[in-house]
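Once you scroll down, you'll see the structures, which are given as structure tokens.
Look at the two complexes coming up: subunit A is in both, with subunit B in one and subunit C in the other.
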Partner chain A sequence: MKPQPLPAVPDSKLGGTAPSAARAARFSPSAQSRQRIRFVGLAWLLFAAWPLVAGNDYILSLGIFFFINLLLIGGLNLVMGFGGQISLCQAGFYGLGAYVSGVLAVKYGVPPLLGVLVATAGAALSALCIGLPALRLRGDYLAMATLGFNAILSVLFSELVSLTGGPNGLANIPPVSLAGFKLDIASRFFWLAWGVSGLMMVMLSLLLSSRAGRALRAVAGSEIASGSMGIDPFRSKLAAFMFSAACAGLAGALYAHFNQYASPETFSFATSVLLVVMVALGGWGRYWGPLFGAVVFTAVPELLRKFQDAELLVFGAGMIVVLLYLPTGIAGFGTYLQAGLARLRASRRAS
Partner chain B sequence: MLELASLQAGYGASNVLHGLSLSVNQGAFCTLIGANGAGKSTTMKAIAGLLRPVQGSIEFEGQRIDHLPAAQIVTRGIALVPEGRRVFGPMTVRENLQMGAFTKLYPRSTAGNRQVETRLEFVLETFPRLRERLPQQAATLSGGEQQMLAIGRALMSAPRLLLLDEPSMGLAPLIVLQVFAVLRQLQRSGLTVLVSEQNASVALAHADHGYVIESGRIVLADSAARLHDNDKVREAYLGI
Partner chain C sequence: MASLELAGVTVTFGGLRAVDALSFSVTSGSIKGIIGPNGAGKTTLFNAISGITAPESGRVLLGGRDVTALRPFQRAALGLSRTFQNLQIFGDMSVLENVMVGAHPRLHSGWLAGLTGRTRDEDQRAEEVAFQKLSMLGLETRAADLAGSLGFADAKLLEIARALASEPQLLLLDEPIAGVPPADQARIADIIREVNGAGVTIVLVEHNMRVVMNLCADILVMNYGARLAEGEPAVVARDPDVIAAYLGPEARHA
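After this line comes the complex of A and B, so read on.
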């Protein structure tokens, strides 16, 4: 590197408004990725304390559902936030994962761990089948195709009674065993969900800073421009969609083996819509957004239990307020505050 | 250098180009002028490989490229500045520029990265304004700066032929002149330039050679100076 002439005034005295060369270099994607992974490590260390803090199995299981929801919302954020496509079938893939793994274990005696892998791959494969025709077209065709697919899956879940148990649900799904160790209680299963979701966050970070991730972000910006740069927009979108579906399939399989029961209404189209809202609420296209989305998605329905029938109403109203006043989502709140503080400081200096 | 022969292309069942032929010589500064819907963008997209021609051929440096995917066309040395700039808004200016070298960008290959860095330096010398803006989000740039960025991004792939689709669109007249001055400077240093324009007066004032496109066909081809004095062109495109 060429030696840089020293600035007359240190950066700190300029209020950080003049970005130095060194600072610009720090924004290179791999550095950003390393920083994100460090934060994930830190956060997951903190999350590891949850079993100590949680007083009972109910609170502990909320932690597990948080990790499962994080898989769902994190995957969806890749397609929606970074890829600019709207998928209305995340709950469908979630259900597909739950039923594939659940049915394989209950009806065919397949070991749960193998079932989880098959469910993950199966969800990705079905995403390939929908994505191949829908993603060739520009615009919101994916939204329409996925909307239809979720409806079809919902019908299958409740009508294939001999396999899925129909509206009564699929019961007696065996727990996952790891090396002869049965993960049948919350305090054991917690660690599986903890590890898998942490791994997904790390993978997402690596993916986003990779060549493929940058291509995806460019495609979201403009398909024409990214195409003229030599990126294949179709392949980028398809890969992101498949990754997102795989996350949902994995989440579904984990859900089924933890809950040991699955019923069709969990995976309805309404859940898909809620998941889209959670992506927006957490922060559209922000790496940390899904963490907030998953907290809201897990905790708020529990907190609103006492409103009973009015639960959905309160939920909906709260969401409208947040989206109106926080268009960049909860994850964007920090940046928003920073910008506000900077403005305040600037105006104080001016006066 | 570039040879389009009886090209037919369009979207789905509707053809936009009906047997368009034109040629661009090595080192030339050519312009393609025409009204809205005449087929300027379709021609540009077909050359860049974003649209597959139905019939006809496109040759670049003596080789047919009309059936190559866009990625390979970039590698062969053609870059397109798309209509309406289309910078990647949420990315920084630096990231936008790096994306322009996408076909050469391998994160772990130091040789590839060094190439990209050298090229970045060249682009920043061409557009000093972008250097100040490197860490900024592209969406925060002004229209003129975004056009500079879009051109800079296209230059990152080290093209020998630069295509620009209506670069004057939505820009202040003074900025348009700046853009064309930069294009002239690039052309003098050896780059071949083909610009499609609705703003015929600016385009004909700067280019060497011009084509007039009307409903998917070339209706006039001449030196820019003679086109500028042509009665038909004056009436239809210059409003004189």
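After this line comes the complex of A and C, so read on.
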């Protein structure tokens, strides 16, 4: 191929005019990713003030549940939003993480920190086992297969009474110790959840602007074209499914050691469905979507605690509003407004 | 040396033989045109070559290697790339990112490198390659736009840019000119010639006869999935069977 004159490329070693930083960020996906990571840093600095703002342990623990929910929804958004695959077993992996780490600590005396790592890896491994057959299915069939897997896990959580405590739940799960420092109260555990969820956000941003992330998004766009571009769609989906499960397993283990108790209904397929709703409310395939989804998922049930299960009504209504009027979710609201304003201006100019 | 060779390839859909025991070869470094009436099986043939549709019988060889059993991504790794007649762009990604996806076979980083941020140099290279291809097609001003926002003609150009980003040895172009404004048609023809001049073997399906006759030294005419005629443009254009297939049997006696 004849060498073509290159336009100004950011950080280009080829000379040419240096583009302004703003223009470079607009054009270059990797510069956009670095910008995104700076925003994550800023946001997590702000979140670090939560223990100061929170008046009591209850409010503080809501911050911790926000981070745990962010792990769940952020992982799911990778598979569903960016990868275009329907997964209805995120709560199953969540429970798997909680019970693996919880049972290891309660029944076998395994140090909780080690248990958290085993739970994370175990969830990813189980995603590999279920993904190998299930991810060959598409659309509704994949949804049914993952739903079935969640149902199987739910049965195991309730029926393996000698290990899990059955429907009564698993109690007396010990707190995590970090370098001899017991994270047994909310004001200490907060920092673990804060750090881990921030790390996941950074990793997601890095991934999405890399070859693997582009491949995953391409598979969602057109499986046929992605194959012809040298991408193995199945491997791409499987890797996303495993990462998503690892996030959920980690979230579950953190939940178990913070809550010091786990019971099966938390991890039912109904929770899986709600997590999908949170991905949609936050914004399918939007990097910042899970942040909004996690806020809604954490705050709304607490705000409506008086009205028993009224949050399901709110979530349902929210889902309908999003599907009908705001397909890009809360995270897409800004762009949606911009586009609307631009249309308004254009029509005014035309008239 | 043949860059592409088909030996008795048959593709059936139910009872329909979309490609019927077709054999032909494409000389390395040439441009081969494939023409034929609508429904002649041209796109199905492309799908069989690129691995999207499995042939019922016959063999596909790329550079002398039997790839009949290989999946599409494995064939792409061997230097095959293609465009799609019914546009298969990644609408939720930017125009630039679409072309960066095209460079996938030339890059190497995997999931672990991606998650830990060790892909910066590679991404930079991919961006430069993608920019180069976009400017070749005149799309560089749309680089940051969502690919789904492109009009039909620009999306066609994007398909070509994306296919070129892998620096293929063999390029299948499925109607690259159909639907493109006349002003751009000559430019696409020039680009095809330029890419071919750099040593890329090209197989071209196109309805625009003038363009096909101009670009290709060798043309295969298909009808009902089988070969109707094959050879130099001037010879093919005079072939009574070809004239009959295009204009109806009566034209033969005219």
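Heads up, the rule we're going with is that the second predicted complex is superposed on the first by the 304 of 351 C-alpha atoms of A that agree within 3 Å, B and C clash if a C-alpha of one lies under 4 Å from a C-alpha of the other, contacts with A are read in each partner's own complex, and residues count from 1 in each chain.
Methods note: a contact is a pair of C-beta atoms (placed from the backbone, for glycine too) under 8 Å apart; a residue touches a chain by one contact, two chains touch by 3 or more.
Model, not experiment: these values are computed from the prediction.
S.K.: If you stack the two complexes on chain A, which partner ends up touching A:Leu206: first (subunit B), second (subunit C), both, or neither?
M.R.: second
S.K.: For A:Gly318, using the defined touch cut-off, is the partner it touches subunit B, subunit C, both, or neither? Pick first, second, both or neither.
M.R.: In the superposition, A:Gly318 contacts neither subunit B nor subunit C.
S.K.: Just checking: does A:Ala239 make contact with subunit B only, subunit C only, both, or neither of them? Give me first, second, both or neither.
M.R.: second
S.K.: Look at A:Ile224 in the shared chain and tell me whether it touches subunit B only, subunit C only, both, or neither; answer first, second, both or neither.
M.R.: Touch status of A:Ile224: both partners.
S.K.: Which partner, subunit B or subunit C, touches the larger number of subunit A residues?
M.R.: Partner with more touched residues of subunit A: C.
S.K.: Touching A:Gly285, do we find subunit B (first), subunit C (second), both, or neither?
M.R.: both
S.K.: Subunit A residues touched by both subunit B and subunit C?
M.R.: Residues common to the subunit A contacts of subunit C and of subunit B are 27, 29-30, 209-211, 214-215, 217-218, 221-222, 224-232, 285, listed in rising order.
S.K.: Name, in rising order, each residue of subunit A that touches subunit B in their complex.
M.R.: The touching residues are 19, 23-24, 27, 29-30, 209-211, 214-215, 217-218, 221-222, 224-232, 285.
S.K.: Please output the residues of subunit C touching subunit A within their complex, sorted ascending.
M.R.: Interface residues on subunit C, with respect to subunit A: 50-52, 71-73, 76-77, 81-82, 84, 88-94, 96-97, 100-102, 104-105, 107-111, 113-117, 119-120, 122-124, 126-128, 131-132, 135-136, 140, 143-144, 162, 164, 166-167, 194-195, 197-198, 200.
S.K.: Under the definition above, what is the set of subunit B residues touching subunit A in their complex?
M.R.: 45, 48, 50, 69-75, 79-80, 82-83, 86-92, 94-95, 98-100, 102-103, 105-107, 134-135, 150, 153-154, 157
S.K.: Hey, which residues of subunit A end up touching subunit C in the complex?
M.R.: 1-2, 4-7, 9-12, 14, 26-30, 202-203, 206-207, 209-215, 217-218, 220-222, 224-233, 239, 243, 285
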